[in-house]
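Two complexes follow with chain A in common, the first pairing it with chain B and the second with chain C.
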Partner chain A sequence: MKIVPLLLVVMLWQAASMSGLLPAAVLPSFFAVVVALLSLVKSGQIFPHTAASFLRAGTGLLIGTVCGTAVGLAMARFRPVQRAVEPILLSIYPVPKPALIPLFMVWLGIGDLSKITVIALSCLVPVMVSAFNGARSVDEILLWSARARGTTEYRLWWRVVLPAALPQVATGVRAAIAIALIVMVSSEFISAEHGLGYLIFTYGGVGADNAMMAVVLYLTAIGFLIDRAYVAGLRRLMAWHAFAH
Partner chain B sequence: MSCALYLRLQNVGMRFGEGVVALDSLDLSIAEREFVTIVGPSGCGKSTLLYLVGGFLKPTAGILTLRGNPIVGPGADRGIVFQRYSLFPWLTVRRNISYGLEELGVPRIERDRIVAEHVRLVHLEGFEDRYPRELSGGMQQRVALAQTLVCQPDILLMDEPFGALDAQTRRILQDELRRIWLRDTKTVLFVTHDVEEAVALGTRIVVMSTRPGRVKEVIRREFDVSDGEDFEANPQFSALKLRIWHSVKKEVEAVRR
Partner chain C sequence: MHSRTETIAPFLQHTLPIGALLLCWELVARTGLVNPYVFPPVSAIVIRLFGLFGNGAVYVPLESTVWRAVVGLCAAIVVGAPLGLLMGRARWAQWFFEPLFSFFFPLPKIALVPLYVHLFGLFSFSKVMLIFTDCLFPIVIFTYHGARGVSPTYLWSAQARGTGRVRMFWRVVLPLSLASLYDGIQVAVVVAILVAVVSEMVAGGSGLGHAMMLAFRYGDVRSAFAFLVTISLVGFLLYKAVQLLRDRLLFWHVAES
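Now for the complex of A and B:
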């Protein structure tokens, strides 16, 4: 049933194209886009670009998640860390991270390194914030309970703070996944020889609108599937927690 | 019954920040194998007292000793059961109960045996693989009790453990706790605001004064209470309950004035 509104939009899109209300120069018809996508898939042309893009996004996401979790937890439990990191975090929080891409290209070159760095930095922020909030809201009773059952101060991290913060970290990572895809495409617009963002930009530049929209549709579908798979995976792995949709 | 002095609180004071005095020059001695209940008006610092014994808080005055050794921090020799939300939500019933054993480094096979024994003790057979959020409040408290008992603490600290339960479940768990205490004759320090519960469980009942909390009076229960007993039908029980109720009520009224 959830698919009905989606189908409606697609049908409206197709109807508008067929009736001439929506000229192909403005937006190709849905069918034309699907046909273009099928040929991109059939020729296998799209797959090396997919691999290049997701390698960047995945690596950046992983680095951002690990660092963000570590720093977020440390901030929540140690005042000096919080005092040192919070002003920096608050100042980079509102920066549109793609704006930093040219700078990182000057520093780290135009290859994968600069792209991965920007993606990691973009993912770091939401994960850090959620890890901080998650660890800060750990119930004191749980910490006491663990201490009274022989857990040392040091082991509390592993046995209580991290698992208690995990549902919130996971929610932050979900936001980070979407951000990773955005920054991935943005960075590939600016300079790349491979990647889905590069494909979109190139097809757009030569007026191959059908193919351009095909890549957009492809990216949308993959992004959607990743998000659903992630949420489904969380529900299984963290069956103990009641997650929101 | 052994009367060796076991837990001693001497001149204990606790203030939070400026002004709020939770406890003031409190003295209390507890012998080994006693079941001591503490009643008092809400906010009298009875939970604070328990947290001090647990080592979670440090007193701002006075000294607490267990077997003559000063209490400096939390430890597995003092097992605590909180009112609620003390189970680890990410662990199953089985893992929650085995938590303390894992921390002690008890081997897997030994752990499984002890956990199975305690699952039976608190009647949770069949729920070993559930998560806390799937259990009722009463079952969660059974898990918390088992989680504490596996550590074989010298003293059980209980902070209104049955306070959030319905009357029926509370009564059943009270009887179970009394049975466990009689069987293992552990020392128990049990905080409650329920006078009937205090009399039903405690061999000595401590009444605390309103804030700043002090020991107002200590009453020894001179008769035995048995499982499933009709308290109303026991004149000794009713008389003691009434006496303590008046003592607590005076403190409650002192706050209102």
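Now for the complex of A and C:
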């Protein structure tokens, strides 16, 4: 049922193209875009670019998530860490992260390293904030009862604080996924030799509108699938959490 | 004495870590361990920042960026708020628009830059349109959830008094959704500046993003840093302004509708 409005829009687009209301010079027809996408997929041309893009985004996201969770939890449990990190966090919060791309290119070169660093840094912030909020809202009773049973501090972290903060961390990671895609595409626009952003920019630059739209469509579908898969996977993994309280 | 320490202590607590970080930066840059050309000391960046404001080089790009961001954001509010309200209260609108918005939500809208340049030209219009598109999402989604969450009690009591559909929309649904709409606007302000800067970095045209890119291309890392600081300040100030305006505009609003 939910697909019907999408199909309607696609049909409207195709009808406008076929009737001549929407000339191909303005926007290629939907079928032309699909044909271009199929040829990109069939020739296998698009896959190395997909791999290059998602390797960057995935690595950055992973680093950002791990570091962000660790620092966020540490901030919530240790006052000095919070005092040291919070002001710095607040001051880098308003920086539009893609604006850091050229800076890191000057520092780390124009290869993958600078892109991954900026992606990791951009993902770090939302994960850190959500892990901090999650860990701070841990029920004190859980901590007391664990301590009363003689749980060591180390175990407490793994078995109580982290699991209790996980749902909030998960929401932060969802935001981080969206941000990773934004920074990935922007960095590939600015300078790259591979990647979906590079493909879109190059096809757009040479006027290959069908192919450009095909890659945009492909990226939309992948972004949508990633988001859906993440939410569905989360729902399965977090099923236990409803019973924890 | 007591009150004085109370005001100074939190201020120190906040500035101390940042101050320490900047001091480390300055010292590392001064020792010559790193190339001062690509990693300039903080003091040099601050001097350049004042220089850019002093000689006026920053004002034209600043104006372009802010102007585009504000126009795009306002257009998104004008279109997005009614659309979100409609989606929240009318079944057919929800049926049609909700899947579209949830499908295109995860797409990084910045990927549309080449398409928008193709459709709307190289200059400000394509950038404003991109800002509009990107800001539309938070505004529509927040307003939609706000309008959908209006407590039926209010609707019933208004209906019982014989309120018509149009009046109901204006006098009940809209005021009760304003807080959500404003949440959406607060998210959208950040998005507007981000998209303005990135589209300028990618597609050129005057603006802070473009000015920063140019500075990098000329190897003038100090100016580039100064522009980066300006961009962050603009983003921060716009966000703060919108936040302050909230207390003015929504002071009457019930905290939980």
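The criterion applied here is as follows: the second predicted complex is superposed on the first by the 239 of 245 C-alpha atoms of A that agree within 3 Å, B and C clash if a C-alpha of one lies under 4 Å from a C-alpha of the other, contacts with A are read in each partner's own complex, and residues count from 1 in each chain.
Keep this in mind: a residue touches a chain if its C-beta (ideal position, glycine included) is under 8 Å from a C-beta of that chain, and two chains touch if they have at least 3 such contacts.
This one's a predicted model, so the numbers in the text were calculated from it and none came from an experiment.
Aligning the two structures on chain A places chain B and chain C side by side, free of any clash. Of the two partner chains, chain C is the only one touched by A:212; chain B is not. Judged by the touch definition given at the top, the superposed model places A:166 against chain B, while chain C stays out of reach. Of the two partner chains placed by the overlay, neither chain B nor chain C lies in contact with A:193.
Of the two partners chain B and chain C, more residues of chain A are touched by C. When the shared chain is aligned, chain C comes close enough to touch A:27, but chain B does not. Once the two complexes are laid over each other on the shared chain, residue contacts for A:96 go to chain C alone; chain B is not touched.
Of the two partner chains, chain C is the only one that A:84 touches; chain B does not reach it. Within the superposed three-chain model, A:182 lies in touch with chain C and out of touch with chain B [touch as defined at top]. Once chain A of one complex is fitted onto chain A of the other, the partner contacts of A:149 are limited to chain B, with no touch recorded for chain C. Distance between chain B and chain C in the overlay is 16 Å (nearest C-alpha pair, rounded to whole angstrom). Comparing the two interfaces of chain A, the one with chain B and the one with chain C have no residue in common.
Interface residues of chain B facing chain A in the complex, by the touch rule stated above, are 51, 54-56, 73-76, 78-80, 82, 85-91, 99-100, 103-104, 131-133, 147-148, 151. Those residues of chain C whose C-beta lies close enough to touch chain A in the complex are 13-18, 21, 38-39, 95-100, 103-108, 110-115, 117-119, 190, 193-194, 197-198, 201-202, 209, 212-213, 216, 221, 224-225, 228, 231-233, 235-236, 239.
Those residues of chain A that touch chain B in the shared complex are 139, 141-142, 144-151, 155, 159-160, 163-164, 166, 238-242. The touching residues of chain A, when paired with chain C in their complex, are 2-6, 8-9, 26-27, 83-88, 90-91, 94-103, 105-107, 177-178, 181-182, 184-186, 189-190, 196-197, 200-201, 203-205, 209, 212-213, 216, 219-220, 223-224, 226-227.
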